[in-house]
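Below you'll find the structure, written out as structure tokens, and then a few comments.
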Amino acid sequence: MTASAEFPVPERPDGWLSGDEIAQVRRSMPIVYVDAIPVRVDDSGDVIAVGLLLRVTREGVMSRALISGRVMYHERVRDALVRHIEKDLGPVALPQIPASPQPFTVAEYFPTPGVTAYHDPRQHAVSLAYVVPVLGDCLPQHDAIDLAWLTPEEACAEQVQVEMNGGQGVLLRQAMAHVGRL
Amino acid sequence: MTASAEFPVPERPDGWLSGDEIAQVRRSMPIVYVDAIPVRVDDSGDVIAVGLLLRVTREGVMSRALISGRVMYHERVRDALVRHIEKDLGPVALPQIPASPQPFTVAEYFPTPGVTAYHDPRQHAVSLAYVVPVLGDCLPQHDAIDLAWLTPEEACAEQVQVEMNGGQGVLLRQAMAHVGRL
Amino acid sequence: MTASAEFPVPERPDGWLSGDEIAQVRRSMPIVYVDAIPVRVDDSGDVIAVGLLLRVTREGVMSRALISGRVMYHERVRDALVRHIEKDLGPVALPQIPASPQPFTVAEYFPTPGVTAYHDPRQHAVSLAYVVPVLGDCLPQHDAIDLAWLTPEEACAEQVQVEMNGGQGVLLRQAMAHVGRL
Amino acid sequence: MTASAEFPVPERPDGWLSGDEIAQVRRSMPIVYVDAIPVRVDDSGDVIAVGLLLRVTREGVMSRALISGRVMYHERVRDALVRHIEKDLGPVALPQIPASPQPFTVAEYFPTPGVTAYHDPRQHAVSLAYVVPVLGDCLPQHDAIDLAWLTPEEACAEQVQVEMNGGQGVLLRQAMAHVGRL
């Protein structure tokens, strides 16, 4: 999950919660998330590369991440996917959001490690996960220092997996299993 | 969606929200839900009947409903499915919760009608929808006055569809499409 | 299913079967098929139109059809999808073949009507069905006299459904259910 | 894929092919298959064990296998699943065939290695793959010398994977990814 601030002021609707209230909500109920695995495909739809964001954590450790973020109030899941992909890959990535809302899996990030394969110390997030082909130019934004395109084999290799946090390495391998490239 | 109270006192974890705060949360962020379509199947897994709850709305109108309810903080989606099915069908329904967390669709209930096919005036709910075969005895509980088993054809017929609210008729037909019985 | 000849000479590999042998195979074992539902989507992936081929049957009746055809020996499913879409929509349709081989359903066309919702008097076909967004120009080819783009609502309406044969109307509605546009 | 004879005399319908003709068909067109991954689940549907058949190949090597076999002419996919599961696990395995025909993936076994992750030197098989919970007693039949129940973690471990042939190890891991137990 991204470490970026996710409740920015401009998106706050009427009756929105204060910072303290948000913190309390995050300890009180599950939060709706989306995870997107950006991929490059060939003309027959076969995945040839997976895009991973390179970030430096607060502790100064390099980590690789998927595109991940909250679904806002009164926002459709598909619009949340577009928003988060544009936020992380820039405005001309041309993501091909799936026509169906059926995710390939649901990643349940628990604040307690070990309940599921996914973990987020800040909250209980229920994340709908999608593989999203991107056709345009992708430029890492904000806190990401690079965007690396790896083959499915490289993405599933141990040295990449250990650089991913909170179970996103597992989710990435689930995505590759789903597209037949495990 | 069920009209029953959904934030009962015994399930309230530490740091839980008051009634006013809950109302504010419901106007501020999407709530994680599950929808279950209980079915009877034959030996080869083919759906032969769909279970619909019969309820009387606050306005005194008869309505038919799916099993629907919130996912609690620190509760897995599959445990929420078990809890809501037992709540509505009793403790010996023997639901066969799907092995995979992949829902057949995601129903986005918006407080504003017309944004999606689903509507809930109380909240923005993002609901993971599953078809769940039940093997045991099912007895309607609490506010449901009956549980009717209909064939897929009957369930999709106009006279049943008009008795369903908030887009659950659409969701039911989507479920029948998914199991090849539209 | 398309009425076009489907075992053309140029695609015949070594050891291929004669016409008589093919006819016997079609009475002897299920044939692997793909069905494609071509769609136009908006920037957030929402389906806004469905493409239906207009054909005249041998009996001189107008009918509407999906893109449908056989998977060849030593051909991947995704390559069969590309081939049949290009055959019916032309070489610049730019189909976005799904990254995952998971079909939204499997349509089992039986030579005997009534076993399933699908029927093909010539054969037992097991067809993997996919929704395929197309980004380019689509021109009906060969035996199709037109390609009509309908809204999901129009495509599911009774007057269109009656113009479809062999259960393809059901398959089309299943596709719309899958993309949340039933 | 099972090494057992798969075109037995009693299942031969009218007009069925001779042995020579079958061999020619297998070199001429893809064959419809099903793969079943038998699992034990707990009360909330979570997979706790995977069943693998232990066989001795013609070369005298021990191998582990999934349940796999052909779909017959005029046989529904769900009936083929029941038949092959009963053939391999006995008549009281009580398989819970999925209500939906949507497979979790399609495994394309090619006679040429390397085209896909799956390989079958005898034929081009297009196999619909399903995870199937079994509730009853399972007894290995015929050519299987044992049925081993492994945890998902054990099933995905290298020492088990190397004992599987034709890409079934990959398919098994895809199944575990699908049920959230990779």
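When the chains are written out, they are named A, B, C and D in that same order, and each has its own residue count from 1.
One rule holds in what follows: a residue touches a chain if its C-beta (ideal position, glycine included) is under 8 Å from a C-beta of that chain, and two chains touch if they have at least 3 such contacts.
Just so we're clear, the structure is a prediction, and the values are computed from it rather than from any experiment.
Visitor: Between subunit A and subunit D, which partner chains are common?
Guide: Where subunit A and subunit D share a partner, that partner set is B, C.
Visitor: Report same or different for the subunit A and subunit B interface, where same means the shared residue numbers exceed half of all residue numbers found there.
Guide: Subunit A and subunit B contact each other through largely matching residue numbers.
Visitor: From the C-alpha centre of subunit B to that of subunit C, how far is it in Å?
Guide: Spacing between the chain centres: roughly 34 Å.
Visitor: Could you grab the centroid distance between subunit C and subunit D? Build each centroid from C-alpha atoms only and quote it in angstrom.
Guide: Each chain's C-alpha centroid was found; their separation is 28 Å.
Visitor: Please compute the C-alpha centroid of subunit A, do the same for subunit C, then give the distance between them in whole Å.
Guide: One centre to the other, that is 34 Å.
Visitor: Give the residues of subunit B that touch two or more other chains, as numbers and ranges in rising order.
Guide: 76, 100-102, 104-105, 116, 178, 180
Visitor: Which bits of subunit C are touching subunit D when the two form their complex?
Guide: On the subunit C side, the touching residues are 13, 15-17, 21, 24-25, 27-32, 71-77, 100-106, 108, 110-112, 115-116, 124, 126, 128.
Visitor: Inside the complex, what are the residues of subunit D that reach subunit B?
Guide: 39, 41, 43-47, 76, 78-79, 81-82, 96-102, 104, 131, 133, 178-180
Visitor: With touch defined as at the start, can you tell me which subunit B residues reach subunit C in the complex?
Guide: Interface residues on the subunit B side: 105, 116-117, 170, 173-174, 177-178, 180, 182.
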